[in-house]
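The structure under discussion appears below in the form of structure tokens.
In this document, chain identifiers A, B, C and D correspond to the written order of the chains, with residue numbering beginning at 1 in each.
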Amino acid sequence: MLIDIRDASKSYGRWPALEHVSLHVAAGEFVVISGPSGAGKTTLLRLIWMGDMPDSGVVQVAGYRSDMMKPGHLSRLRRRIGVVFQDFRLLPDRTVFDNVALPLVVSGSSGRAVRKRVFSLLAMMGLSHRRDSFPHQLAGGEQQRVAIARAMVAYPEILLADEPTGNLDPDATAGIISQLMDINRGGTAVVMATHDPRRIPPGSARFLFLDGGRLTDSTDWSDLEGER
Amino acid sequence: MSIWKALAGETLGHLGSRPGARAVTLVMVSLAFVVFNSFLLVSWNLERLLRREMQAVRIEAFLSPELTPAEGRALADLISGMGGVRSVYYVSVQEAEALFRAEMPEQERLLDLLSGRFMLPASIQVALEPGWDNEGGVRSMAATLSAMEGISEAVYGEEFLPGLTRTVSAFRKLLVFLGAVLAVSIAMVVAYTVRLSVVQRSRTVEIMGIVGAPGWFITMPFLIEGTVTGLAGALGGLLISAVLSMMLQGAVGHSFLPPGLFWAVVFLGGATGAVGAVLGIRPGKAVIGGKS
Amino acid sequence: MLIDIRDASKSYGRWPALEHVSLHVAAGEFVVISGPSGAGKTTLLRLIWMGDMPDSGVVQVAGYRSDMMKPGHLSRLRRRIGVVFQDFRLLPDRTVFDNVALPLVVSGSSGRAVRKRVFSLLAMMGLSHRRDSFPHQLAGGEQQRVAIARAMVAYPEILLADEPTGNLDPDATAGIISQLMDINRGGTAVVMATHDPRRIPPGSARFLFLDGGRLTDSTDWSDLEGER
Amino acid sequence: MSIWKALAGETLGHLGSRPGARAVTLVMVSLAFVVFNSFLLVSWNLERLLRREMQAVRIEAFLSPELTPAEGRALADLISGMGGVRSVYYVSVQEAEALFRAEMPEQERLLDLLSGRFMLPASIQVALEPGWDNEGGVRSMAATLSAMEGISEAVYGEEFLPGLTRTVSAFRKLLVFLGAVLAVSIAMVVAYTVRLSVVQRSRTVEIMGIVGAPGWFITMPFLIEGTVTGLAGALGGLLISAVLSMMLQGAVGHSFLPPGLFWAVVFLGGATGAVGAVLGIRPGKAVIGGKS
């Protein structure tokens, strides 16, 4: 099991953000988590990339257990995960190229390999002409695509995407979704949080529903269909 | 691109960024060192002066008038064999008069009027060995001599010596105190600068952690930044001190810091810089771990 | 005419962001601008709140002309405009309450009036329990609602909203849209940029379409309907 | 909540925030002032010393042996009427001998032997008026006197006076130079701190502009921040200087800065702080305008 969350709870001060959540994701799976604002989607993804540890329960990702992390484990785990953040988190003082290249650079890839990979990803995202721009010079949707490219660049085993299409128009959204599915077909497990799961073709993913910090598996495509 | 090349790039990025902050920290560390160097310079020069004066100190043992020149010379031989004595010099009555004339030309006429009626006493001038050329040594030797048979009185002039000694020791104490205070404040300043650098780069640090950069890759540039800042500040302070020293040279003669002290100050700069960097990085550990 | 943009162009370096755009908005109108990522929607709104001046053409807002601005004019104009930014732009070191109160505080409202107004808006946004939190403690959708509350708080004559529902689930989105329409009924002109104009009930707004920096009036509801 | 209350709140928010940055800037400005104060203190004390020495300077005009006491007194009266002369004092032959005995007790025996055979000359001691008590005045007055009939020689001792004068003037030049350099660097440091404050608050400043806060509402807290920093730094520097001065008092007697200079230093701090703040805000004008 690539991701194995068992009975994890997490609260911030008085507010519980996640309550007794269990989630198992196998290698190569595509999981979509939806739910209203404040449901705990971002918090759940944070537990997976171990940006936070659960208050109770255990999170195990790619063999690393949240209650047995040692110094140095974190960086090794993170090199196997790609994350698209809801607020992008691009480096403001580096160009689009450098932002996308970062995960390859810190893992010591050769300059040629970095350039080849980054150029091809930027072309795929329609951002080739923007490679020397800085994040603040980009439109919202352009920043979002840079964030997606950075998450994909190092061929991660796990790709976490938090609301990756919130700033994209319907065409661009469809494009991103199909790219995520491509990557998933290549063997990468994808966990995506979104408030609009209808963008994902039914049957191509496992749909989960989060509300008030509680995860339910019950929400299936037909429910969503009805909500439209 | 090997990870070393990337690390070098990151480090250069650190050193090249925020030139304003860097300049200001440099000025600040330099100023701290100027204060320190000034006191170091003053006490170093006072000590040199004291050492020179001490080496020049001669104990004058005046001989009893009844001693013959031969007895006087015998006494001088005896003294020259004593522990702590570097050399002795016998001054006869005639020589004493000649010396008096040479040293006080304006009183020469007076002496002429006196000649034959008044005699300056013969004396033995005693110079001391290095270990004894301090205030305590001189005083005890003078006491020993004046207690000897045939010696009427043993004096050592230089009335300002006790004052000088006191000043030097006050400066030395102040220097240790100031050195400690300044080392702590320089370390704090560097720690703060590095901390500021960490905070200003908190986003970068956080994202570096998220994409899996190892801890040392993230912290190393900050450590180098702190050490370089300390070193550069010490060198800057020494430079300013040297310029001030040169400007004052005409008015108050003195010598600049010797190479030993110079490099000690540089080392102090680098060491406090490194310590400051470590202190500055510390509170950011959580951030560097990539938890946001 | 409250907003009067005549033949305005704006480019960043080599890239034109807006080309010969003209737009007239009367007091009390509701205008929706849609278009793909990078179309120039944010740039157009920036021209209206005079965060940037056009390279050519004239922007006139509430009587202030872009080519005749004097020191002091800007702050007076801005006090009559409320803006919801695509990236929220909340003050990270102030609480939700202080963030929302800011426009009232800088215009010198009394403490009591400020508290009354801010509390009622926070209640309306479902954020009352969050009033002492800092922005980084909020979920994406919560931050977005704080930004909307701040834009509304000082009863502006003009409300500019840039993608105000990108981080909200369908229910919350519907709530925000109906609040915008309420405000609009109260006399405030609303200009909203969105990549998903289908959220706004047809007939209740004027729909404009922006692409590659060029504005077209032609897009009407039926086109959008067909795209669904 | 009136806008004034809000402004006060903003200002307090500025002053209360970033305690690390504030402490470091304060240390830095204080150190700059310690360097400045040290030189000010040294030159102030040297000047006092020089002034005191100058006031104590007496020109001794030795009278020709052939002059009778009555003629000598008449000459003294004549000199006391000259411009630049504060007071004269006639020293008779007898008085000269008494003075010599008093000043040089160890030579008394010598004088006894001489009595009747040798005479010290009579002299007129001349003290100068305030405007003349400087090196040039003393020298020209001595020349005038020695050219007068009945006066064999006019001397003024104090061989170290020219050296002292040279030292004081060197310190004064250095002080002006240092004052300028330090004022500029303090202004830069404060400008940089305020700039940093502006940059760190660029988001706040930008959002303030966006929600329609007037320019003065945004800039005023930065101006106050800069001025307060300069004032506090000057006071801190004076405090440190006072402590150092007290620690050194035992070894090297001196007096601390008089109130006039004290307040001048404080004013210098506030003024450079304000100037620095204005310089620091400047480059942020575009930001403060609310354009991002």
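One rule holds in what follows: a residue touches a chain if its C-beta (ideal position, glycine included) is under 8 Å from a C-beta of that chain, and two chains touch if they have at least 3 such contacts.
This one's a predicted model, so the numbers in the text were calculated from it and none came from an experiment.
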Chains shared as neighbours by chain A and chain B? none
Averaging only over C-alpha atoms, locate the centres of chain C and chain D and give their separation in whole Å. 62
What whole-number Å value describes the gap between the mean CA coordinates of chain B and chain C? 68
Report, in whole Å, the distance between the mean C-alpha point of chain A and the mean C-alpha point of chain C. 29
List, in ascending order, every residue of chain C touching at least 2 other chains. none
Should the pattern of chain-chain touching be classed as line, ring, star, complete or other? ring
So which chains end up touching which? A-B, A-C, B-D, C-D
Show me the residue ranges of chain C that touch chain A in the complex, using the header's touch definition. 12, 34-39, 42, 86-87, 137, 139-142, 144-145, 163, 166-172, 195-196, 227
Please output the residues of chain D touching chain C within their complex, sorted ascending. 1-3, 6, 17, 203-204, 206-215, 217, 289-292
Considering only the defined contacts, which chain A positions touch chain B in the complex? 49, 51-52, 71-72, 74-81, 83, 89-93, 102-103, 105-111, 114, 150, 154
Looking at the complex, which residues from chain D come into contact with chain B? 20-21, 23-24, 27-28, 31-32, 34-35, 38, 107, 109-110, 113-114, 117-118, 166-167, 170-171, 174, 177-178, 185, 188-189, 192-193, 195-196, 244, 247-248, 250-252
